[in-house]
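Chain lettering (A, B, C and D) follows the sequence in which the chains are written, and residue indices restart at 1 in each chain.
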């Protein structure tokens, strides 16, 4: 007996990835695909401008798209809605008793909404334990990769401050997204609202849960966000200072020994891959590791200004969006849904 | 009466730019083009794999390439030699009394070789005043843009530390350089020897000249260097701390009011352009400003970790290599050559 | 005393090129920039999303955009309107006595509208001689390059049939145009309505004017049109059969000896450049020849199926759109406007 | 009991694909990886500059590379050697009794060497039936896709002449291959020796076997070959005339009803996929169909000059090289190796 689920915003770039990953999921059964009023009533295969190189799952292609206010028997709604409309719609679904796992930014910083990377802060689910119709948020696509890369250092040494410059992929802007005339042979040093998210969300994720209150860590983040002509995979140049000094091998060992405690269908065996080779990681070569769920860290070296610097790569529409949301859904089922 | 000059390494990517810019220079007359033994004896037009969208200057196309150990009446040699061979060859030219302006890294950190960005530290020429057959070095292509962008802040407030992540263009690797299979749809987080240069050279450039000794400034630089799929224009994400605190408008005003003191043929009217628009500068749109000699600064904002952050863009083969070298040659003629 | 002119659709990709080229034109004075109602009233510099690497001409930046139904003292209107709205608006301008030079496809195949490449069929202007408020059309951007390349062969041997496959640049789709997610690392074998235009328009251009009637030539064209990830420059792979057999050197000589009869400000000295080198022409290297007004032909070789095959390159937004329209405007002034 | 096989030229771009596909093949066991003398003796993982996004198969990474003149117990040698050295080396292997399946062009047009696309002309294997130590050739990467697309039309109507323009991917040039400075934002209208192969090889493939003689078909091919900035997937714009006239639906039906007769491990269920959508096929979206072994045909329409035109896409390093060779090896085992 699989759990019936819906995808909100199912025709967008992230929604398509969700549909792809849910089409043959062991725990979830995709029973509803919602999109805008304009698409409602059409078969999904006609409504969507499919962007992935694997074909549309046949079963989903023939499903009729519904408007976002139609309710089915779905117990979980995975939301890939645009932030401009997500707030109201997601609130509506939650109010009617559905568990909403959202990839939109609208509710991420709400006090009552847990913001979770399953391998990093699964305990934050306690914020909503025992509730019905809750909203649980998947972080920003850059933040997920960053949080996973910081996690072993936070645990072992504490992280004091982080300077991060991002190289963000085109798929992160959705479809149609960035015009080719704007980005071919170019770099754009601005993504609307992105630096604010990258500087704020990790502080919530790394907060300590005291009762029902999140207590922020002693951590400062500065982000410079850019768009580069790469299809998939957000690269991050990271430089940071630690609370407790650590030598090179200790830092490397912290990365290498990090293991996931999760036993969930979408959890990669290795959530973090430390790459020993020079010039690693690289988006095109490494963003598909662990079916896109593994975050890569490489080119670790001492930093003359802070303590260490390195590069981090994560797949922005899988680990950073659709896959992250589904893994989060699995965590919710595992920890919060009664098992009987 | 123009000064006869030679180009060493004239068939490479930077050498071609030098040839292009010297072909109709008001002060210099290109009398010799040198390349490897393999090319010696051929007409330049046959020896070169021309990469620029303007055609080869006709006069130069028919010039016979010479081996690098052949001497002509050239008084200045502009060197675009590969570092692997530059050291010996440049020393040879200098020993025979020629002024060598080199773009290679071989001699840059030599105590007796001035390392100069004409608008930043022209006084360092005093290191070689009165000498014959000297070598004067043009800095690394990233460093030139960085030094120009830092100059107004160094002068007004002092700069304490700098975190820089680069987005470097393909032309910076010469020809054939980076294989397309390596860089299309990708970012490469490593450029051999680059971070060391970016961290070391600015310290020499911003040194104070005391007698014949350079005294290093109180300045720390950390560089993370990457190659991106962009043809021309090195982008830099910069975050820095100042010695004396300054508010946003003071920093902006320092950038905006910076003026060149140079009155030389290749000196841009505006060596630094502060861009007010969001998402500026961008390599494809802005690297040609001032015929490729103007460095752009934009997207200035406060930094939660350091004091301020912003982006810098400079044309890597013009301002960062060929154009920078020729401007430096003009400075040398203006300051050091007797005028009679 | 320059002739006052307006640009219709001045904020689009082609409109921007027109503005750039008219800003310092010896015969024309840009007195009006029209765009959609949404932009009307704003300074041009604020209304436009400027895409060119040269900055907006200062004088134009401060001009107030007008709606397209506002009339000024402009005697010529250069139209870069989208075809969806061009028909009505252009007709309105013509009716009020203005000469409309249009780059839109709406009127191109109208019997009474001359469709002209100035070096190919300037005599077709006789169709509108003596009229007031006429519309004269600039052909499709692929067709202009093709017609110029065919012209010497049509004149010398006659052309019987042409197979053409295009590699069209991103700027040809305007802005925002092609989404980067659609075209990066890709080729799209379809451009809406393009093959029909490429197959039909050359037949009108190469028609013989008999009185006021155009008589079609004995010529068949088959076009396969694609979009490729190139910013500027439409490439064309052409294979053709001639009416009169010709040997390789005769064909080559026909290309090489082609000269323009025009003495107009925007007419390139050399409208057609036959390239002798292997692997020529190439969009990035050669589309700027003759300030973007020269069409390149290269890699000529015998064709096992037809008679000959070769590649043609033309700059799509300059020769193929804005520059072509302005040159056409100059021809109109030269041939049709009374000179007193 | 799997058949022991070797890969010659195992470190190149095509050799890597062969290694990847043979690492877990049901019939073949990879027992030897050969490369140049420079690599001999090193573990494969150290000798190779790995280009694929899946990691090197662990078992192969630790295999010691041998020089190409070392013999093992391999019964089949898959050759991805460069044509400049393939002739001698392959002849050597064949002489010592090994069956050589070669992807190099050296022997393709030899009278005694079958040139085979398994779904197109498997009967040509009779040319070497009963021989020992034979060479069997995999066609050029463009030709394989073209031959598969032509096959249903040749069978149903006969094909008289073909005009083809190619859009060839970067991986087709091997590594380092095309410099990024040459191809970014560009199209190169020349690939050394390619047009000759595309015009000649299909004539051999579609020849009729009479006894031990191949009789050429009544077929003319003209090819125009270009390199485009696409990583994987050769696109082909094809226009052709048929011997027997056929209407649109007959042609479409011929494509749609084509089925493979092969029952081999690497044979795709569907060797040819007719795509009904507009703007299909596209390299990035469709070259991975059938694990890269399915060829796509789309955008079929009548041709004003010939009879029909359409686009063909095939994966150049899988179907067009490594996968094609391995499928050919399977065919050889199935048809020629004694089964006892």
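By definition in this document, contacts are C-beta pairs under 8 Å (C-beta built on N, C-alpha and C of every residue); 3 or more make two chains touch, one makes a residue touch a chain.
Remember, it's a predicted structure, so these values are computed and weren't measured experimentally.
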- Classification of the subunit A:subunit B interface as same or different, half of numbers criterion: same
- Query: What is the chain whose Cα centre is as far as it gets from that of subunit D?
  - Reply: B
- Per the C-alpha centroid definition, the whole-Å distance linking subunit C and subunit D comes out as 41
- Note on the structure: Distance in whole angstrom between the CA centres of subunit B and subunit D is 47
- Task: Check each residue of subunit B and list the ones that touch at least two other chains.
- Result: 51, 184-185, 229, 231, 284-285
- subunit C contact footprint on subunit D (complex, rising order): 161-163, 165, 167, 184-190, 195, 199, 220-222, 224, 226, 228-231, 235, 237, 239, 278-285, 298-299, 301, 303-306, 309, 311
- Touching residues (chain side subunit D, partner subunit A) in the complex: 53-54, 184-185, 284-286, 288
- Going by the contact rule at the top, pick out the subunit A residues touching subunit C in the complex. 13, 51, 170-171, 175-185, 229, 231
